[in-house]
Structures are given as structure tokens and as C-alpha cells.
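There are two complexes below, and they share subunit A, which is joined by subunit B in the first and by subunit C in the second.
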Partner chain A sequence: MRLADRLLAVDRRIIYLLVGIGTLIPLLFPIGLPVTITPPVRSAFEKIESLPPGSVVVVSFDYGPSTAPENDPQADAVLRHCFARKIRVVGMALYSLGGLSVAVEEMNKVAAEFPLEYGVDYVNLGYKDGAQAALRRMNENLHELFPRDAFGRPVSELPLMQDVRSLREVDLVVSLATGIIGEWWINLVNAQFGTPVIVGSTAIGTPKYYAYLKARQAEGLLGGLKGASEYERMLSDRYPVVAEIYRSPTLYTATQGMDIQTIVHLVIIALVVLGNVLYFVSRFRPASGDRHA
Partner chain B sequence: MPSIGTWLGALLSLAILSFLYKDNPLFRFAESLFAGVALGYYIGNQTNQTIKPNLVLALTRDFAANWDLIFAGLLGIGLYFRYIKKLAWLARVPLGIYVGYYVGVTITQKLHGEVLPQMKDTILPLSGPGLAPLWNGLMIVGVFSVLLYFFFSLEHRGAVGVASRVGILFVMVSFGAAFGYTVMGRISLLIGRFNFLVNDWLRPLLGAVF
Partner chain C sequence: MRSQLPLILTFVAGVIPVIALFSPHPVMVRIASRADRWLVIMYAFAILLGVVSVVQSNTKKIARRDRGWPYAIVLLAGLTVMGGFGILANFGIFGGITTVAGRPTPFQWCYSNVFLPLQATMFSLLAFYMASASFRAFRARNLAAGLLMISAIIVMFGRIPVGEAVPFVPMITEWIMDNPNAAAQRGIIIGAALGAASMSLRVILGIERSHLGLGKGE
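This part shows the complex of A and B:
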């Protein structure tokens, strides 16, 4: 068997191994590749930047552990931005399989980095079922939809929620979304009630959100890990206190993740090119009978 | 030393990743465990975060203000009549209300929030500064040719055939972009798992041992 044929018939587990090695090496030895900022992320950043201190932002955790490696860095960056600007945050979750858990974990983790008081500077309303019905209700009465927060405390007793009775008192919604929930915030809440919306989507969901962004139905878009890394870059450049957090050696960031993405993409591109070259070599080589002629 | 939760997570992650080598009982155990835990989480989540605060506590603490929730509760229970043969027909009532409500909401949502704004954004000027006319023209050609590609009441021959061929090119570019993003998304998930295994499990473990 020729080398080209042998390579074309290579065991797929060899490819898994190469991708695994490509992931592991930059994870152990970070490269620090530069991050370029794209307009959708800049637009999202500037929107939050334009809100005065004391504004209210809803951060909706519309994802679960299955996409946490993409959405967690987005959530962390947006929360750090809001808290650094003294913007009040109302957290909630609309994704049933783990939305509540990531909301509790991420909000507690990031809030601990700032001198904040629960109930005054931020609240976590927890998970609510009902899909579009829940979103419609939010515009009428948040307190009836969320009578208790994620930890069972009556929402009416939380000082921050005295100022926020419905989405009408909310300045911006940031939906960190897997699947279709980010679209609901845009084509229901933004379209019908006019609340500005930013979406942090998984990479797979990102292409469809560009249509909403271009039609100005969304204020900004953080697409996958790349979007999160761009946000981290802008945040670190603008806020030294946040830059200090991102410099922590024990903190995994989207920027580090993009180093790994780059290496693995190079491995995949090399494999695609090699596969195509070998395919054409094997296709156009002379038949075995011709060689003996 | 890593916590018990981290150990469980790491070992189950390795069990799932072992499928890349070949199917095995450890992978099937981890897969079944994941499905079971996910279902349990779902039931607990719905009960504690929605049914309890929005129905049970609302009725028990202030019945006079919330008595109408009884109807919502009965409709929810009614869905389960499908498991009793003689009363299965009763389940159609709440299902009908449920479907009717969401169809009504979704039609308005799609038309008002998606179809009309997207149509409006396609009505673009073919004049303007710089490359704007070119990009706007490209957008218009793309939208119409793709729509024509999916229009099956006309045979795709002649001018319609040419336009639909252009449409398929736009569709292919769109698929290419979606595929590229899909690769990035999947690699992100792999990075997340490797990061957990290396930084949350292996490093503390090696630090504790050596």
C-alpha cells in the first residue's frame, strides 16, 4: 500500500490524539496570542459603558453546563463590567437543565471579587419555567413571576427589587444563551417592549444572531469563546481593577482559551489540506498496470 | 487534594472520553448516569423554582388573592390524564389551551419580532458613500436568490434556474460560516473539559502528592 493510501486510511483515533495534543500543549504552556476586537463585541461593550452607575441590567443565564466553557467567560466578563461600573444586576435563568446552577455559581464567584451587598447591588431571581409566557409576564410584573429569589427569600423584601417591578425599569438585558432563548429576548422582549438586548451566544448559534444585529434588533453580540476573549481584552484595557483579576494565575480566561483554539484550528486546517492533497494524489496517479508497462 | 466532587467529575469525564477509543461499559455507565441525573435535576428544578413558589406557596399563603391559580394547577394535572385510559380524552383540554396560547404568542412574536424587522432591513438604498451600495446590492441579491432557490412553484430553468444557482452559492457560504463556528464551539467544549481535568483535578492532585 502506498504512503498516500495509508495516510488516507489513517485510524480516526490518531486524529483525535493530534487534536488532544494540540489542546493540551497550549493549555500547559500559554502562548499569549493577541486578541483583535470586532464591531459586534465593541458595540456590546460600549452599550454597557454608556449606562450610568445605578442602572439596572438583567443578566439572564439561558445556558447550562453543556455550553459553560463558552458562556461562563462571557457571563464573568459582563458581570465584572457591570460591577466595576456600579451597575445593579438582576440575575435570572430560563434554561431548565442547569441554568439555575450556573447563575448561582457565576454570580457568587464574580460578586465576591467586588465590595457588593446581595439584595442591594445584585439579586439572583433563580429559574422560571414558561418560556415566552414568562417573558411576557416579566414586562407586566416581575414580582408575581418571581415571588421568591433563587434562595427562597421573598423578592419584595430585597431593596433592589423595590426599584424594579417589571422590565420597564430595566435599562438593558444581557442574555447568555444556548439554543433559542436569546432569540426570544430579541424578537419578543425587544420587539414588543423595546428593552435593549445584548446576546452572548454559543459559537454554533452565532451566525443567526448576526441577522438581528444587522437589523439593530440587538445592541451587541458576543459570539462564543472569541467574543468573550474580546470582551476580556476591552475590559482589561479600560478597568485596571478588572485587569488585575484577569492576571490571576489560577483564573482560566477566554483569552487563554483562544490560544488553544488557534493551535487546534491549525491542526484541523493542516489535516483538511493534507486529506485533500492525498485525495487528489491518489485520484490522479497512474493505474498500477501502467506502472509495469 | 481535589474534592470528591472534582474526583467524580474527572473520572466521569474520562469515562465519557473513553468512547473516542471505542465503546465500552464505563462509557455506557457514565452516559446513563448523566441522563438520570439530568432528569432528576430537571424535576427538582421545576418543582422548587416554579411549582412551589408560583403555585403551592401562592395558594397556601394568600388564597384570596391567588384562587384563580387553582385553574392553572388543574390544567397542569389534567395533562397527566393521558395515562388513565378511560379519562385520557380529558388531557386534550389542557393540551389544546397550551397549544393555542403558544401558537398565538409565537405568531405575533415571529411576525412582529422577526419577519417584519428583517424585511425592513432588506429594503436598502443602492446609493451612498464608499462601498455601501455594493454591500447593499449583495445583500439584496442574496436574499432574493435564496428565496427563489426555496420557491418550488416555478421550475428552476432559464433565468429562475440561474438565480436559484446563485442562491445556492449564498446558502453554501452560510453553511460554511455555520460549520466554522460549529468547529469553534466544539473545540471550546473540549478546551473546557481539558481545563477542568488539568487545572482543577491533575494540578491539585500532583501538588498534594509531590
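This part shows the complex of A and C:
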């Protein structure tokens, strides 16, 4: 067997090892490469920046643990931005795993960094089943859909929710979404009721949202870990108090994650190029008869 | 009657939101609003139906000792433990679903220490499989595959800080995402929407009856 064929038939465990090493090295020795801001993330940031203090933003935790490494930093960055600007936040989830776990943990963690009061500055309504039907109801009556918050308290007793009866009183929706849920918010809430929507998607789901972004049905887009790291950078540049939080050595940030993503992307690009070079070498090699000629 | 009633119900339920969207008459809006409320309740019942189906199929699998039956035991045990803690938590037993005095409740403990790492591990494995698959299967066998591969490499390279430092790469990456990608996505979205609309129409009009377990002539 020729060298090209031997390399093409390499044990997949060697490839796994390369990816594993590519993940481990930046974890042990952080590189701290700077990211460049892209227009979709900048427009998302500027949209929240344009909201006056006291505005109401719905942050929908439409993801679970599987995509948390990408969506968690997005959620944290958006929450920090809102809280730093004294924007009130209504948390909820249309994805079952987002409501009782992700939303509770992320909101509690970020809220503890600011002098905030639950029920006044932010609330967590928890998970609601019902998909598109639930979204349609939200435009009419949020209290009917969420009679109690994630901790079992009557929603009508929360001061913030006395100002927010439906999505009509909401200035912006940020859906941190895995799969199709971000599209529900765009198609139903933005297209039918006119509420501005920003989507924080996983990297694999990002391409489809460009169609909505170009049609101005989405105000902004945070695509995967890269989008979150760009948002963190803008936030740190604009708000020193948030920059201080991001300097904490115990905090996992998207910017740290980008080091790993950089090395793993380079490994995969190298593998694709190598695979194709070997493919063409083995395809265009002279036939065995020619070699003896 | 067994086949007519579901068809009538499907027609009425399907037509209400369509009329309500185009006719803002208060009576129609009220009916549509009520239908939405019912739909939310029906979704909750669908979860129950899903649980019953999972229990039935897995108990059968265990009884017949089908291939992989021990996994069915693990699945049912997980469903019982997590579901049990979750349901009991709603009645205030075991202290709710999150934390009590800073300590995780049994539901939260299981979630954080069992479910979360398992799901994170499953998703993380994708990176390894994708790397292996891209080495073995991502080949420029023809012009279309070659263009796809070049675009993929540019976008992957342009989405990392090293690539962003190379002149023109970020600009080309955004151009690919903004133009060829957005155009293709738009086509897919519109195509899927048209397909969904035509299928919905078939269901509403009773032409498509497979969801009721009925053939065309029944």
C-alpha cells in the first residue's frame, strides 16, 4: 500500500487524539486572541444600547445543556448588558431544559453581580409548553400563560409583571435558541406583532438566520461562541464594571472558548486539506502497469 | 362517523386561525384566542402521551429481551427518578426543583450531576466525529463539491481570530454568509413554508388522512 493510501486509512483514533490535543492545549495555556466585531453582533449590541433605562427585555432561554457552552456566554453577555443599562429583564423558556435549569442558574449568577431585586428588576417565568400557540397567547396575556413564576410565586404579585401584561409592553425579545425556536420568535412575534427580536444561535444554526437578518426581521444575531465573544468585547469596551467582571479568573467566557475553537478549526481545516491532497495523489497516480513500462 | 368526526374537527381547528388572521372581527378573534388556549393544554397532554408511549415500548423491549434491553431499564429508571422528583417537587416534597437554603434539591442534584454532564458529553463527541468525517468524506469530487469545500474552509478560517487577522478573509467570510448563504437559506425557508402550507391545506381539507390512520378512500 502506498503512503497516500496508508494515510487515508489512518486510524480514526489518531484524528480524535489530534482534536483532543487541540482542545487541551488552549485550556492549559490560554492564548487570548482578540476577536473582530461583525455587523450582525454590532447591530444586536446597538439595539440594546438604544433602549432607555427601565425598558423591558424578554430573554428566552430556548436551549439546554448540550449547547450551553455556546449559548450560556451569549445569555450572560446579554443579561450583563441589560443589567448594566438598568433595563428590566423577563426571563422565560420555550425549551423544556431551559426553564428550570439554565434560566435559573444563569439569571441567578449574573443578577448577583449587580445590585438588583428579584421581581422588580428581573423575573424568571420558567418554562411554558405549547410552542407557537404559547407565543400567540403571549401577545394577549402573559399572566394567563404564566400564572406563577419559576419559583411558584404568583406572577401578579411581582411588581415588574404589573407593568408587563403582554408582549405589547415588551421593547425587545432576545431568544437564545437551539434548533428552530428562534425562528418561531421571528415568524410569530416579530412578523405578526412587530416586537423586535434578536437571536443568539448555535454556530451550526447561524447560517439560516442570515436570511431573517437581511430581511430585517431579526434586529441582530449572535452566532455561536464567536458571536458571544464579540459581544463580550464590545461590552467590556463600553462598560468598565462589566470589563472587571470578565477579568475574573474563575469565570468561563466565550473569549476563552475562542482559543479552543481556533485550534480545533485549524486542525479540521488541515485535515480537510490533507484528505483532499491525499485523495488526488491516490487518484492520479500512474497505474501499476505504467510504472513497469 | 368514526372517520368523519376527526375530519370535521381537523377542518374547524385548521380554518379558525386562518380566518382570524385575515378577519379581525372580535368574535373570530375570541374564538381563535380560545383555540390557542386549548392548543397549549393539548401540548401538555401530548407530553403525557409521549411518556406513556416510551414506557410501553420499553417495557415490551425488556419483556421480549430485545437487543439492547438493559438500556431500556436505564431509560425507565431515569424517567422514574427524574420524573418522580420533578412531580413530587411540585407538591413541595423534596424541597422543590432548584435549591433550598443554597443546597440543591434531589431533582437539581440529579440534573446537575447526571443529566447535564451526559448531555454535554454527547454533544461534545460531535467535534471528534466531525473532524474524522471531514478528513474521510469531505472531497472535492466535482465542481459543486469543490466550491462547497472552499467556502467551508474560508468561513471556518474567517470565524477564528487567526483568520480575521489575514487581509480580506473577514470581508470574504461575511460576503459568503450575507449573499450566497442568505440566498440559499431564503430559498430553503420559502420552499419549506410552501410545502408546509400545501400539506396543511391537504390536512384541513381532509385529502391527507394518514395522521388519522385512514387511507384516501376511508
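For the reader, a short list of remarks on this structure follows.
FYI, the second predicted complex is superposed on the first by the 284 of 293 C-alpha atoms of A that agree within 3 Å, B and C clash if a C-alpha of one lies under 4 Å from a C-alpha of the other, contacts with A are read in each partner's own complex, and residues count from 1 in each chain.
Basically, contacts are C-beta pairs under 8 Å (C-beta built on N, C-alpha and C of every residue); 3 or more make two chains touch, one makes a residue touch a chain.
The shown structure was predicted, so the numbers you read here are calculated from the model rather than taken from an experiment.
Of the two partner chains, both subunit B and subunit C are touched by A:R136.
Look at A:V104: by the touch rule set out above, it reaches subunit C but stays clear of subunit B. Once chain A of one complex is fitted onto chain A of the other, the partner contacts of A:V264 extend to both subunit B and subunit C. In the superposition on chain A, contact is made by A:V35 with subunit C only, not with subunit B.
When both complexes are overlaid on chain A, the residue A:L18 reaches subunit C alone and has no touch with subunit B.
With both structures placed on the common chain, the touch criterion links A:M92 to neither subunit B nor subunit C.
By the document's definition of touching, of the two partners only subunit B reaches A:N190; subunit C does not.
By the touch criterion defined above, A:G275 reaches subunit C but does not reach subunit B. By the touch criterion stated above, A:R148 is placed in contact with subunit B alone, subunit C being left untouched.
Overlaid on A, the two complexes show subunit B and subunit C touching the same residues of subunit A, namely 16, 19-20, 23, 66-69, 100, 128-131, 133, 136, 145, 150, 152, 203, 207, 211, 214-215, 226, 261, 264-265, 268. Those residues of subunit C that touch subunit A in the complex are listed here as 33, 36-37, 39-40, 43-44, 47, 96-98, 108, 111-112, 115-116, 119-120, 122-123, 127-128, 130-132, 134-136, 138-140, 149, 152-153, 156-157, 159-162, 164, 170, 174, 177-178, 181-182, 185-186, 188-189. On the side of subunit B, the complex with subunit A involves touching residues 20-21, 38, 41-42, 45-46, 49-50, 53-54, 57-58, 101-102, 105-106, 108-110, 112-114, 117-118, 120-121, 174, 177-178, 181-185, 187-195, 198-199. By the touch rule above, subunit A contacts subunit C in their complex via residues 8, 10, 12, 15-16, 18-20, 23, 33-36, 38-39, 64-69, 100-101, 104, 128-131, 133-134, 136-137, 140, 144-145, 150-152, 203, 207-208, 210-211, 213-215, 226, 258, 261-262, 264-269, 271-276, 279. Per the touch definition, subunit A reaches subunit B in the complex via residues 13, 16, 19-20, 23-24, 27-28, 66-70, 96-98, 100, 126-133, 136, 145-148, 150, 152, 183-184, 186-188, 190-192, 202-204, 206-207, 211, 214-217, 223-226, 250, 252, 257, 260-261, 264-265, 268.
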